[in-house]
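Naming follows writing order (A, B, C, D and E), and every chain is counted from residue 1.
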Amino acid sequence: MTTVAAADTPLLQVGTLTKTFGGFTALDNISVDIKKGERFGLIGPNGSGKTTLINCISGALRPQVGSVVFCGEDITQLPPHLRARRGIARSFQIPRPFRSMTVLENLMVGLDFAAAGSAAAEEEIAMSILTRMGLAAKAGAPSDTLSQVELRKMELARAMAVRPKLLISDEAMAGLSSSEVDEVLDLLISLGEEDITIIMIEHIMQAVMRFSERVMCLDAGKIIALGVPAEVMANKRVQEAYLGT
Amino acid sequence: MALSLAIEGLDAGYGAVKALRGVTLHVEAGETVALLGTNGNGKSTLMKCIMGLVRPDSGRLALSIDGVTHDLARLSPEAIVDLGVALVPEGRRLFPKLTVTENLMLGAFRKMARSAIQQNLALVFDTFPVLKERRDQLAGTMSGGQQQMLAIARALMSSPRLLLIDEPSVGLSPLLVSQTIAKIGELKQRVGLTVLMAEQNFNQAIRIADRGYIIVHGEIAVAAQSVDELKANDIVKRLYLGGVA
Amino acid sequence: QQPPIKIGMSMPQTGGLAGGGKASLLGIEIWRDDVNAKGGLLGRKVELVVYDDKSSASETPAIYAKLVDVDKVDLLFAPYATVPTAPIMPFVKQRGLLLMGNFSFQVNSKVGHDMWFNNAPWGPADSWAASFLDLAQKAGGKNMALLTADQEFAQNLAVTARDVAKKRNIPIVFDQVYPPNTVEFSSIIRALKAAKPDIVYVASYPPDSAGILRAVNEIGIGDSVKIFGGGMVGLQFAAVMSNLGSLLNGVVNYNTWLPEKSMYFDGTKEFFDKYTKRAIEAKVDPLGYYLAPFGYAMGQMIEAAVNSTKSLDQKGIAKYLRENEHKTIVGPIAFSADGERKETATLQAQFRGVKDKDIEQFRSSGKQVILFPDKLKTGELITPFEAARN
Amino acid sequence: MFSMDLLLGAVLLGVLLGCFYAAVSVGLSVSFGLLDVPHVAHPAFLVMASYGVYQLNESYDIDPLLAGLAITPLFFLFGLLAYRVYHETFEKRGSDAAVRGIAFFFGIAFIIEVLIILQFGVDQRSVSATYIGKAWRFGEMRIPIRQLVAFAVALALTVLLAVYLSKTFMGRAIRAVAQDEEALRLMGANPVRIKQFAFGIATAVLGIAGALLIIVAPVEPTLDRAYIGRTFCVVVMAGLGSISGTLIAAIILGVAESIVLTLFGASWAPAISFAMLLGVLAVRPQGLLGR
Amino acid sequence: MNKRSHSIAFWAGVAVFLIAVLTMTQIVRNEYPFFAGYVILQFIALAVAWSILGGYAGYVNFGTNAFFGVGVYTAVALFKATGAPLMLQIAAGAVVGMTLGFGVGLLTLRMRGIFFSIATIALAIIIETFVMNWRFVGGAAGIQIQRPPVMAPFDSYVKMLFFVQALLAVTAVSIARYIQNSRIGRGLQALRDDELAAECTGVPTLKLKLVACMISGGLISAAGAPAAMYLQYADPSSAFNLSYSVSALAMALIGGTAHWIGPVLGAILLGSTQQLLAVTISSEVNVLVLGIMLVLFVVGAPKGIIGLLRPRYRLRAGGKP
């Protein structure tokens, strides 16, 4: 159980983050704190910088300005694998499986390196994650034979195999039917109950609404709204730029 | 402008994996047909069969154009594209190291389309203004949603008569989803496009769909003659309309 | 019927040294056929056991081990050239085996094997550079430019050239080593020309020799140059000679045998009659002056030694070879203690009146006039270089 | 020994040499840079073309450049065939075609070397033409005419190819094919045919490049090995598949080599040009004009 | 069989092999098998070492000849300067090779795929040029070397070298096997497939690449170090011969890179064919046979020999250059 004081210090602090590509500014002075155990929704029009933001958090990209603090430690300069070991895991929006491995082996990589344990136990854990994701039947399949949606699920499963404190899901539910969305949401929510903090990027509004305790909306690299879901959805700029209703 | 697609008793798969079993389905000129089904059920495989990318094990794939019937199972993908069929594949499949414009120009590779390049270019730039802004960006560096737009635009560049779209809304913001769906609906009117669309966003899909099929475990479970019939279907209720508030 | 006498060797048949290797082998094969036609050695037929060493040093140790231990050959010939020969020198010394050298350069100087006999006319290490500089100084050369390939043979020549120049107080105004596979020599020749040397000593390898002469022709080399050449490998081969044609004129270069009247000995003419016929079939050098007769001579020496010692005892053969002068188709040969020729017989000859695209012209005398050694001399140096080019 | 005059001359000769390098590399820029075929036999094809030119020059006294032009269609067909063999026996099946392809093409290169030896023997060969061995006087400078020929031809080749690849439908398809074959298929183009055609072009170009090779210097059967490093160096330094980059990279290489040869001594020349390659890659890992 | 009994079988096999090698050096009189066997063992060590980086990690090293030559010349320089014994030469070769491997590993920081391969070619040429200009070890002209007396229990130096090379090959195989079975192997495989994804999954890609480069480089140089004593001669163009690069790659691919046994089989097959060809069909035709063999094998056995033997090794085979 966490103490009240500890729960108050944010798990992740993003401070004045700016990222540019050539002359184009993809993230413009972004600051946000995410609390421990929080379920955080990230939305915004296409190209607004969501993926770029989590790239900066996971270490895949280095921001030009700003800092990322995780569990009180400044990790801005750390390479991605050390962030993974400290408990940050992410899925990729455009799946990047280890093509020469089976689905199970894909998960074993994370277990081997970020959450080391005994080999036999690892395999069990991997299977249980796959079962929860509904991918158990594909455990032995080479990952390059999966359908797109299955690949996205595997992305999420592989991130879970890192046994993270902070799990970032980048559109893992795209292309799922609403009943499947529900299943995955249930899973994520149950992870949240295990004290795992989750940042979820989705364009599926029902999912964002149901899942998030707080939602942040980006537009053109800037935060245009941040608050409880209902508030954000009601925000006029969010409706104009994003929802269109 | 007579065009119709008739599929009968189609079996297909990947080696030991049987993805489609006895699929029977037809699409008539000017229609927009929705294809529903949870992930891994064979929607994409069906699209690939129509395009000639996956060879069926048995069954009939007939495309009649202006009274001439073509057996698609015997034609190469290139020949099928030449007949005026275009696919927006899942996973976008762009040419990442070519610019937006170059990707679009390749969309017009088919001889028939070359004369209409300027019109088509205007059309897609009008539909997705961001593509015009980013015409010289490399496709691989675009955001997920921008890539999806480019994939759709590229297919439109070939002046298709039958458009197959595999999950057009994946990765698009809610605003763009409705815009894109509306645009497809508009094209259907304007150039007499016939559309077969796999789309999980049920509420958006039925805005323009005339009727739909539900595919379960590689078999057609429901063939609904109208949108209302679809809405009333139990499977649809369970998969797409239940759950999320 | 007695078993044949086996003579074993490796020979470069692929790789950079293949051209020479094949010509050399043909010379040896002609000797084998001649000797067998005469009834063989000690009444036994002579048989050659030949493997390809791909012009590489790393192949020869295993090959010679096989020749000795598995094929159990009676006598060993060395492969053509220095690099493949170097690794087998310690081996034959340890085993106490006779090795007939084949045109390698100074491989025995450190090993000191007393059963090594090189068929090449090189003689003492410095005689090569000395003879060229003699000619140069006589023509009034006062300073020297040195252009050498970064290859073992050329580098060995360069070292002695620098030594000799130093001894004679000839300043070196340009000294460049160029790497193998250099494509274009225009830049180098421009730099050389800028140094305004009187003597240009070039030690180059076959692919480069042509490039250098072309560049010299195009860029020009200046009127100061009295003599040009010395150690260009390649200008002895028919293909290169006919390619270069008139570009060769004026160049003074080393050689081993030339169709000049002073070079004919007992059997020389007959040898070339046979060679010319067989070279066409075998697609090897049609002239074959450089290596082939020495391959034959190597056989002749063994033949003489075996016949007079009446045995295959290698020590006995070595003793005979060391103590006698041998009559061969390339003239008399006598060895000094290190197994090299007592006296150099390396020719320096000047190309004259060469026309383009004609191999046959090189069969007649006068195209390459021998300037050195005096015994074999057939003409005088024409100098300066530019004057000799027309 | 330094002088401005010498430096200028070195630069000029270097540009010419660079153009020659560009001409022998530009085919590889297509076959390897664009098609992703690890064509280590490219230099062997090149040497083979030189022998073809030699044969025509020797037996019919045809000008080497004309001979190069004459064998171009033949080489185009040869390229089609070679790609077909590679594809059918190989690419069609392996997902990791790239590495195995290297071994495959090394095998092909060895076979070509030996066939040349069996046909022509191991001796060097060269051609004769009026412009070989002559120089063009340019003030104090003398520039070998054969180098000027190489310069002109290389320039023409690269410009033609660059325009073709960027302005035509076929050209764009060639640039796309290695990135996603299936997607190209969806555009209505047959990727195998496109690759085959492009490989044909890449090989056809070698007809002329082979003529230049034997015009510039004599050839021998194993000369290809010396050109593996050089051609790949140029193509990679250029940025894979960039035709104009190929010309630029080749010229940089040529000038650097020439300056080092003239002013600093030749024995370090190869180290310096390859160190430069490493330097370029360290700053721009995708090559000069790579994407 | 479980992992443990696998291990026991492996080490028993190693022991039997080494004892057999040692016995052979004691009873066989004819020296040729040792000359030829040495070369084959050297090929095994090279192919296995190459595949640690090229197979598992997918970084195709074209600079095998650079590492080999560095091994040769470290030994030569050390021997010429101090007369160091063979074992010290090999150890020094390994250390220098690892250092060079570290440098090459740094190249992988920025260069992927074929860029890396070309960079290693460039490196090889640069190092060769240095050696060519290094007069102390003979420069371009090469250097002849006198072997010191042979040590007991061997009665000839070549037999001793044969045994030493067997030890080196066994070392290379053991290390490769260890890597393959440990998580390092999985990490290398992951980074071969997708470096960024591997990194985000917790794989320390830089460290693994450096380790793989250093081990691979150290082993190749160690395998090259005795070559100077074997040839009793060293020259740059032989020591840095491109054929070492081609052979290492070809042998690993012919055998298959999914399992350490692949390169071993490939090396035995290609190495002994080469030896056999050199002493049987003696002409350019043996190069032809080699070329044809290379083509046939990569075409006919896409997953290498082990792919033919055990189809389940489908995965992990080969990398992207």
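Please note the rule applied: contacts are C-beta pairs under 8 Å (C-beta built on N, C-alpha and C of every residue); 3 or more make two chains touch, one makes a residue touch a chain.
Keep in mind the model is a prediction, meaning the values are calculated, not measured.
Trainee: Touching both subunit A and subunit D: give me those chains, sorted by label.
Mentor: Output, common partners of subunit A and subunit D: B, E.
Trainee: Can you tell me which chain lies farthest from subunit D, using the average of the Cα atoms as each chain's centre?
Mentor: Taking each chain's C-alpha mean as its centre, the farthest from subunit D is A.
Trainee: Among all other chains, pick the one whose mean CA position is farthest from the mean CA position of subunit E.
Mentor: B
Trainee: What whole-Å value do you get for the distance between subunit C and subunit E if each is reduced to the mean of its CA atoms?
Mentor: Averaging C-alpha atoms per chain gives centres 37 Å apart.
Trainee: Starting from the mean Cα coordinates of subunit B and subunit C, work out the distance between those two points in Å.
Mentor: From the centre of subunit B to the centre of subunit C is 76 Å.
Trainee: Can you work out the whole-Å distance between the CA centroids of subunit B and subunit E?
Mentor: Computed value for the inter-centroid distance: 52 Å.
Trainee: Among the residues of subunit E, which are close enough to touch at least two other chains?
Mentor: In subunit E, residues 129, 132, 284, 287, 317 touch at least two other chains, as defined above.
Trainee: Quick check: what residues of subunit C touch more than one other chain, meaning two or more?
Mentor: Counting only residues that touch two or more other chains, subunit C contributes 14, 18, 150, 177, 179-180.
Trainee: Strictly by the criterion at the top, what is the full list of touching chain pairs?
Mentor: Final set of chain pairs in contact is A-B, A-E, B-D, C-D, C-E, D-E.
Trainee: Spell out the part of subunit B that touches subunit A in their complex, as residue ranges.
Mentor: These residues of subunit B touch subunit A: 14, 17, 36-40, 44, 90-92, 130, 141-149, 167, 170-179, 200-202, 238-245.
Trainee: Show me the residue ranges of subunit E that touch subunit A in the complex, using the header's touch definition.
Mentor: For subunit E paired with subunit A, touching residues are 183, 186-187, 189-190, 192-194, 196-206, 315-317.
Trainee: Mind pulling up the subunit A residues that touch subunit B in the complex?
Mentor: Touching subunit B: residues 21, 43-48, 51, 93-94, 145, 147-150, 153, 171, 174-182, 203-207, 209-210, 241-245 of subunit A.
Trainee: Could you list, by residue number, the parts of subunit D that touch subunit C in their complex?
Mentor: The touching residues are 1, 3, 6, 9-10, 13-14, 17, 20, 114, 117, 120-126, 128, 132-135, 142-145, 147, 216-218, 220, 222-223, 226, 257-259, 261-263, 265-267, 269-270.
Trainee: Touching residues of subunit D toward subunit E in the complex: what are they?
Mentor: That would be residues 32, 38, 89-90, 93-94, 96, 98-104, 106-111, 113-115, 117-118, 225, 228-229, 232-233, 236, 240, 267-268, 270-271, 274-275, 277-278, 281-282, 285-287 of subunit D.
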